[in-house]
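In the two assemblies presented below, chain A is common to both, partnered first by chain B and then by chain C.
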Partner chain A sequence: MGWQLIRGYALLVYVFMFLPVAVVVLLSFNASQFGSFPITGFSFRWFIELAQNDAILRAFRTSMVLGLLTALISTTLGVLASLALVRYRVPGENVISTLLIAPILVPEVVLAVALLLFLNFLGINKSFALLLFGHVLFTLPFVILVVQARLIAIRRDVEEAAMSLGASPVQTFFQITLPLMLPAVLAGALFAFTISFDDITGTLFWKPGGVETVPTQIFAMLRNSISPEINALGTVMIAMTVGLPLLGAAIARTISRKSGV
Partner chain B sequence: MSSVTLQNVVKRFHRFTAVHEVNLEIPDGAFVTLLGPSGCGKTTNLRMIAGLLDPTEGEILIGGKRVNDVPIHKRNLGIVFQNYALFPHKTVAENVAFGLKYRDVPKAEIAGRVQKALDLVQLPDVGTRYPKALSGGQQQRIALARAIVIEPDVLLLDEPLSALDANLREDMRVELKRIQEQIGVTTVFVTHDQSEALAMSDRIVVMSAGRIEQVGTPEEVYNTPASEFVASFLGASNILPARITGQDADTVHLEDPLFGAVPVPAAKAPALAGASRAKLVLRAEKLQIVAAGAPTPGMIAAPAFVETVDYQGQTVRYFVRVGNTQMQAINMIDERPYAQGEAVQAAFRPKDCAALPES
Partner chain C sequence: MSIEARERRQPWILLSPALTTIGLLLFVPLLFIVVYSFWLRTATGADQAGFYLDNWREALSDPFYRDILLFTLKIAAITTLVCAVMGYPAAYFIARSRGNKAILLLLLMLPFWISYIIRTMSWINILGVSGALNSLLIWLGIISEPMQMLYNQTTVILGLVHFLLPFMILNVFVSLEGIDVTLEDAANSLGATKWEAFLQVTLPLSLPGLAAGGLLCFVLGAGTYITPLVLGGPTDAMFANLVYEAIITQLNWPLGSALSLMLLVVLGVLVMIYNRYLGMAQLMKGLG
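Now for the complex of A and B:
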């Protein structure tokens, strides 16, 4: 009896969480003029219009470039930082570690305003580079957390064995350490990409005038009217932010199954 | 193949000294074991030879050349780690071939040498498998194959058998010794297991608290321990205080309160010149428990009480009380073991004793 109640309650919570998402996906295939019920027919019309909307395409390109660069830079920095923190004795290790993780703990608005004020203080103007910098700042902790956890699990003696067999430290890194932590590196990169791709708070503060990412574009469009295109865009976003990590996890699993890590 | 020399090697971790002034000469082709309890500095020594740790002081020579400043990947050593340390993302054949890639071995030759190494460790058919598909014992053999395929100058093994279960460990012991003899590589073996050390080594280096206690053949360290530590670490020993009543060319005469006069062969009582007191060392296997009143020809006997009987099948371990001293005896069982509380005699042959200076 008690369990029935809890089960019913849990179901309601899920419905509450996922119903709006389902509605958006459903309506994006609605042939009707208006982005709302009733559903009058199945159609890809809004996706086609989406693909012809220059503003959205530009925003999409910006988001892709921003996301990819963020993923690239965050992952590179994150891997290097994790290596330093896990494999070497660095003075002030704990402090550095905390500082690198801190951006997750600080509310994003605070981080956004702080960075903006700081750059104002330095007399630096908003730019795409600044936007990228901001995104790297708050995706880096995720990369570090994932990669560090993996690196700790890679036994040091495996690397020592490689060196004893004649591999230099650099060769050992590329032959042994990197392949062993590759699943975590890929996961970190995916995290960074998806977080950057659907971020809005920081982006609103940091983006220079005239530059829009997909989330800020949706936000701007919503101010005028609720166009059915937004539903289609929402569906695309969902497909990307849910699909990419799933794909990544599947790839990582295949890699590690093959090698038995 | 090369000799290994440690000259006045010291290793400190901050304030803590893990290795004190070690001097050691490991001859070309020898199988030398570093033996001692956990924490005595065996691994630290081995890692310094490997180049995984820098000595704080002193010189390390391999083949007569100082290697203090040579990084590990240029030392041409084979290392076998306690937990195998195979590369999990590479197949067995790739694991074994790994070291050859850095050694200008022609591509065509690599497969052949890998196969030869796998044959040597008696696992010729596992090349395409991944390490996790192998048992612990098989993984250890692959680790060995990977270390020897590069024809290292020195083979270093850190407790390589301790992760295996007891039966497998004894098989691997024989196997390892066979392979080492076959390729004749200078080998430094680290263990805390005295039976491993005694069974495999040409020479044993007994260590305690960062210092070398004794270097010798298995017989030497077993029969003529150089210190009380060595006597008690290698098997069970009885150590009794004794007075020196006289010394001549081949005998040292001791007087022990329990057994009376004990003439110890001088060869087994070195470093006693001029001393008046000594310690009498008698291995538990050399102390015979015999029935009360039975004759004990050629032996020195004293009345004793059996306090504890530890039955082990073929042998039995007694704790007996002689006077007010407890002694340990490990005897073959003749018909039936003596019972707890039984009055017996504790007896031994004087030539089985050794004597140590009183420290």
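Now for the complex of A and C:
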């Protein structure tokens, strides 16, 4: 009886989480010329209009490039730091860990203001470079947390076996450690990309005038009212954000199955 | 160089790129805005370097800023409370479910991956004048004219809860998973009812997870300015909105620095209290 109650309650929580998202998807296929109820028919027209909207396509390209560069830099820095924390005994490890996740602990608005003002003082104005610096800064802790958690699970004896069979440390890293780490590295990169792609809080402070990312473009379009195009864009982003991690998980599983671990 | 010395140096070589990045892009800039907050914005628009207390005097004594700070803390507190009340039973259900926990958890984490701005604006589709709820109520004949349900304090809290609930559920779930289920059985066999066993055994043991989730909800909630802009009315500005106004709209960077630091100190004190009593390890568990 008590368990039934908890189950019902949890179901309501699931509905609460999914209902608004489901409505976005539903309305994006609505034929009506307003982005709202009533549903007048099924149509792909808003997706077609979306594909022809230059502003949105530009924003999409900006977000993609920014997300990929952020993922590349953050993952490189994060994997190196995680290796140090997991594989070595570093004096003051707790302090270092706290320093490394500090960008999560500082409110993003404050981080955004500090970076904007400091880099401006150094002569770096609002620009793509500033956006990239910012995105690397706040995705880095997440990469470190994710990679570290996965890295701990990798057994060291495989590496020791390779070394005892005569492999050099560099050979061991590239032929043993890196392939074993690949799922962790991909998970970290995916996390960084998603967070960067989704960010608006810092991005609104750092972006130069005229440059929009997908979230800031949506935000700018919201000023009027919800156009059906925003719902269509929302559906595309939902498909992407839901699809990408699933794809990532599938790739990670395939890789780890192939390597037989 | 000896092998030991090289062995000692290696972790620092690996750590230095990340530490340098965070040092140069976070800690130095934070120190810089401390200095900047004592500069002065002049009538000509240029910032006058120096040591002026004007910004701090304005930020700390103007009741306008104090009221909005209190309002922000209130909104964050209510959001955290609602997240706890909604999230705890859901996390408990997932942790104790005999079904596939991974799938249940993944389902709940999916919205977490969906774009924040999309999720925030999606409430306009539900509660707007021509949204789902109004359409439904009119169709049912309960109301004849659409009601204005959006753009108030309640919708700001609603949007924040929708954004932050997964953080709460994940943290509570992690701590519930760490509790030995047989402890409850032991309490039962010693004569406690199921409810008593939960209240006296499970709940206290899961408090660290609840606290970690609560901290995340509070800090993230109190630092937002997008949700009030999208779902709030003109009087629902939160403290981060003041920072945005000062920096981006008014271009008063010295004042904006002072306001940012105020927010940092208020939320930083909370994080430190948390760290003092519970430590950062619990928080990392929930995030990683």
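Here are some notes:
We adopt the following convention: the second predicted complex is superposed on the first by the 247 of 261 C-alpha atoms of A that agree within 3 Å, B and C clash if a C-alpha of one lies under 4 Å from a C-alpha of the other, contacts with A are read in each partner's own complex, and residues count from 1 in each chain.
Definition applied: contacts are C-beta pairs under 8 Å (C-beta built on N, C-alpha and C of every residue); 3 or more make two chains touch, one makes a residue touch a chain.
It should be emphasised that the depicted structure is a prediction, and the values quoted were computed from it without experimental measurement.
Within the superposed three-chain model, A:Leu165 lies in touch with chain B and out of touch with chain C [touch as defined at top].
Judged by the touch definition given at the top, the superposed model places A:Phe174 against neither chain B nor chain C. Ranked by how many residues of chain A each touches, chain B and chain C are led by C.
When the two complexes are overlaid on their common chain A, residue A:Phe44 makes contact with neither chain B nor chain C.
Listed in rising order, the residues of chain B touching chain A in the complex are 50, 52, 71-79, 81-83, 85-90, 98-99, 101-103, 130-133, 143, 146-147, 150. Taken together, the chain A residues at the contact with chain C in this complex read 2, 6-7, 9-10, 13-14, 16-21, 23-24, 27, 34-38, 76-78, 80-81, 83-85, 87-88, 90, 94, 96-111, 113-119, 121, 133-134, 136-137, 140, 142, 144-146, 148-149, 194, 197-198, 200-201, 204-205, 214-215, 218-219, 222, 226, 230-231, 234, 237-238, 241-242, 245.
Interface of chain C with chain A (complex): residues 7, 10-12, 14-15, 17-19, 21-22, 25-30, 32-33, 36, 86-87, 89-90, 92-94, 107-108, 110-111, 113-119, 121-126, 128, 130-132, 134-135, 162, 165-166, 169, 194-195, 219, 222-226, 229-230, 240, 243-244, 247-248, 253, 256-257, 260-261, 263-264, 267-268, 271, 280, 284, 287-288.
By the touch criterion stated above, chain A contacts chain B in their complex at residues 155, 157-158, 160-169, 171, 175-176, 179-180, 259-261.
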